[in-house]
Amino acid sequence: MVLETGLSIAIQVLVWGLILGCIYVLLASGLNLIFGVMKLVNFAHGEFIVLGGYVSYWVVTLLNLNPYVAMLISMMVMGVFGVVIERTCFRRVLGTSKLNEILLSVGLIYILQNSMALLFTDYPRGIHSPYEKSIISLGILNLSLDWIIAIGVTVGILIGFYLLLNKTALGRAMRATSQNRKAAMLMGINVENIDMLTFGIGIALAAAAGTLLIIITSITPYAGSLPALKAFAIIILGGLGSPAGAVIGGLVYGIVEGAAVYLVGGTWRDAVGFIILILVLIVRPTGLFGEREK
Amino acid sequence: MKIVLHVEKLTSNYECVQVLWDVSFDVNEKEIVAIIGPNGAGKSTVVKTITGLCPPSGGEITFNGDRIDRMSPYKIARKGISLIPETRDIFPRMTVMDNLLLGTYVNKDVDLNSFGEWIFQLFPVLKTKSKKMARTLSGGEQQMLAIGRSLMSRPKMLILDEPSLGLSPIMVEKILDTITEINEKGMTILLVEQNVQEALEIAHRAYVLEEGRITRAGSGKELMKDERIKEVYLGM
Amino acid sequence: MVIFSIMPVFIENRYILHVLVLIMFYVAYSSSWNILAYSGQVSFGHAAFLGLGGYLTTLIALSMNLLWVGILVGGFVAALAGLLIGIVCVRLREWFLALVTFGFSIILEAITIELDWITAGTMGLAVPKLLPSIQGYYYLMLVLAFICIAVMYVLQNSKMGLAFASIRENEEEAKVTGVNPMKFKLIAFTLSTFLTGILGAVYVHFIGFVNPQIFHLDFSFWPMIITVIGGMGTLEGPIVGAILFEFIWEFLRVINPLVRLIVIGAIVVLVVILMPKGIVPTVKSRIKQKGNPDRR
């Protein structure tokens, strides 16, 4: 009986970790894409996550739509927003020093975060999914239907993302730009357009993550920074530019964090990841699956 | 004969690393034109300015009647100039097939099947290794991939920057034979080469670039017989 | 300099004095961050060292009743931590460094909250007074700011500074010229974090309390924002940036605390896009251009 409960709890924690992992994977993949193609470090990614969550919130609240439908709408809206931001802000700064890029994103953090706080107040918001109360029982397990859908949706999005990158001409152009920007230009690829699209897609993924976040828990305008920074740590751990690293890293991180909260308590939740990051970087400065830079 | 590429009084400054002074030359349709000269003369700079990778400080470059100086590289590529760079610049973590397919980004109505077959005929190794990652290819194979990729875009002119660099003599022969074959099929080619012997053998016409200036011009055969060139470059 | 020294004698208003002290604090803090950045290492978690200094001086003051010693200890411990983090970061590329330094401050924040039997957790500790009057604090901060800027000045004009700059510009090339990047990077870290630690210690004495908030992101970002807006690597940059920053901070306090953050963010974005080198260098080169109309 005890073993059963123990196992049941372990699996619950595991699944919760997987959900967190899904969020992190979406974030890490988006960041990886942006970094891979544009070589850009966007620290403001967290704010886009939360904004995506809020867009979904308002779509659900005002239009009464299914939250997962709202997610798709949010992804599209935020994708466009991302393209606009890239065109107006990042394009001017890309290629100048790394520090400028980082600072631009820090400035954006302040603008976005506080605009959201101004408009939406920092009262935590959550979306009540219609599937909230549905529980699926698998023997000793009781899993919320939402969790299953969340995982399913993430898998769907990731498959779509993978197909885009690997089976379409556009995806090929994006991969080419990330591997050799000069050669990509010589092949007739308009790399600036690719930059815009890449950023838009990365932000759309962030919006998906934000929507998941607001469904399974609640968000405030400030809730985005830490997940984004953790996602950065994840892609560094998994190796910059490695899509597999982003997925595996995200899942592992999610599970470790879930376990850490359960075992060690909330305060350490955020620190755990960075501790692991520092330890790994001491041993392998290019990350676990990292590409060796020439 | 129709002039495809017309370069007039091209000047560049240190922004392009090497300095060019009033460089002028033409490439006619279906010709192989070679630019030869010592290291550091500015050959690569000529290529970079034509393909838009660095801005000239003066002069004009016209391609099929359109001014292309100062245009951005991707627009120049779309006009039909395809460069095979000195460093090959294949996409390392993509398959050979994907690399080739990228060539069609510019020119979407390339009939892959028939055209692809010709490229595989030219370079059979690309067919056998088509699913392998490009970075696993040898130097010569990467060169072939780079040429194949450029051909896939059905360019109006090919520019080859030091195609023989780093290759074994056999490979150099093969590549240059292939260049001749491509030219016989009607491709206009601008060849920049350090290997003077080989370049003059296949070129219809050639220009000598020394210290940023054109010092001599003539047909391939003429230049091969030229005393000074024989002495300085051919070691005779 | 002279103006800054005499001013407090005439100003009686506590509020303005308070602001002035803060300006000096930020000038000093940003300058010390600037020193590290001069060697090409951009720290995203400098608050960690600020907090180390703050907490250490408090704990020493409370338990052993020593004031000034505590400040020095704070500085040294911060420097030690800086050295250790520096050793980890030396091999890393820019944004890895940013993450590790950021992570360090997050970790310290968590530790401080956890170890609440020492640190009183989120409640924080009350810090004993160091000096009797605000004017006193002002002069102290002024001196510290002066020291930090002097260090920067010396750096800019010394061989060591040249080494820093060469590492910042191109580490590989620096190695070729015989510069040992590791050694200098660690010196930069230790120097910068020592100063920051001391500043943190004085700061908490000034505001009268210390809590884990001192490790928070904001404290890490302010020196960066200030310095970059003002002009990284310049002497005057942190000064201009700090004054501008405090000005906006206080001025907009009445309107809406959130709006003022938005404004700061907007300024950062605009400066980065339009004046990428910062205000001071851009203004300087404009002045140069005006003085020499033939130069393009």
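Order as written gives the chain letters A, B and C; numbering starts at 1 within each chain.
As a working rule, a contact is a pair of C-beta atoms (placed from the backbone, for glycine too) under 8 Å apart; a residue touches a chain by one contact, two chains touch by 3 or more.
Given the structure is predicted, the values throughout are model-derived calculations rather than measurements.
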item	value
Chain of greatest Cα-centre distance to chain A	B
Most central chain, judged by mean C-alpha position against the global CA mean	A
Inter-chain centre distance, chain A versus chain C - centres from mean C-alpha coordinates, in Å	31
For chain A paired with chain B, centre-to-centre distance based on mean C-alpha positions, whole Å	43
Chain centre separation in whole Å, for chain C relative to chain B (CA means)	54
Contacting residues of chain B [partner chain A, same complex]	51-53, 72-74, 77-78, 82-83, 85, 89-94, 98, 101-106, 108, 149, 153
Parts of chain C lying in touch with chain A, wherever the complex brings them together	42, 88, 91-92, 94-96, 98-100, 102-104, 106-107, 109-111, 113-114, 217, 221, 224-225, 228, 232, 256, 258-259, 261-262, 264-269, 272-273, 276
In the complex with chain B, residue positions of chain A that touch it	169, 172-173, 175-176, 179-180, 182-183, 185-191
Residues of chain A touching chain C in the complex	41, 89, 92-93, 96-100, 102-104, 106-115, 117-118, 225, 229, 232-233, 236, 267-268, 270-271, 273-275, 277-278, 281-282, 285
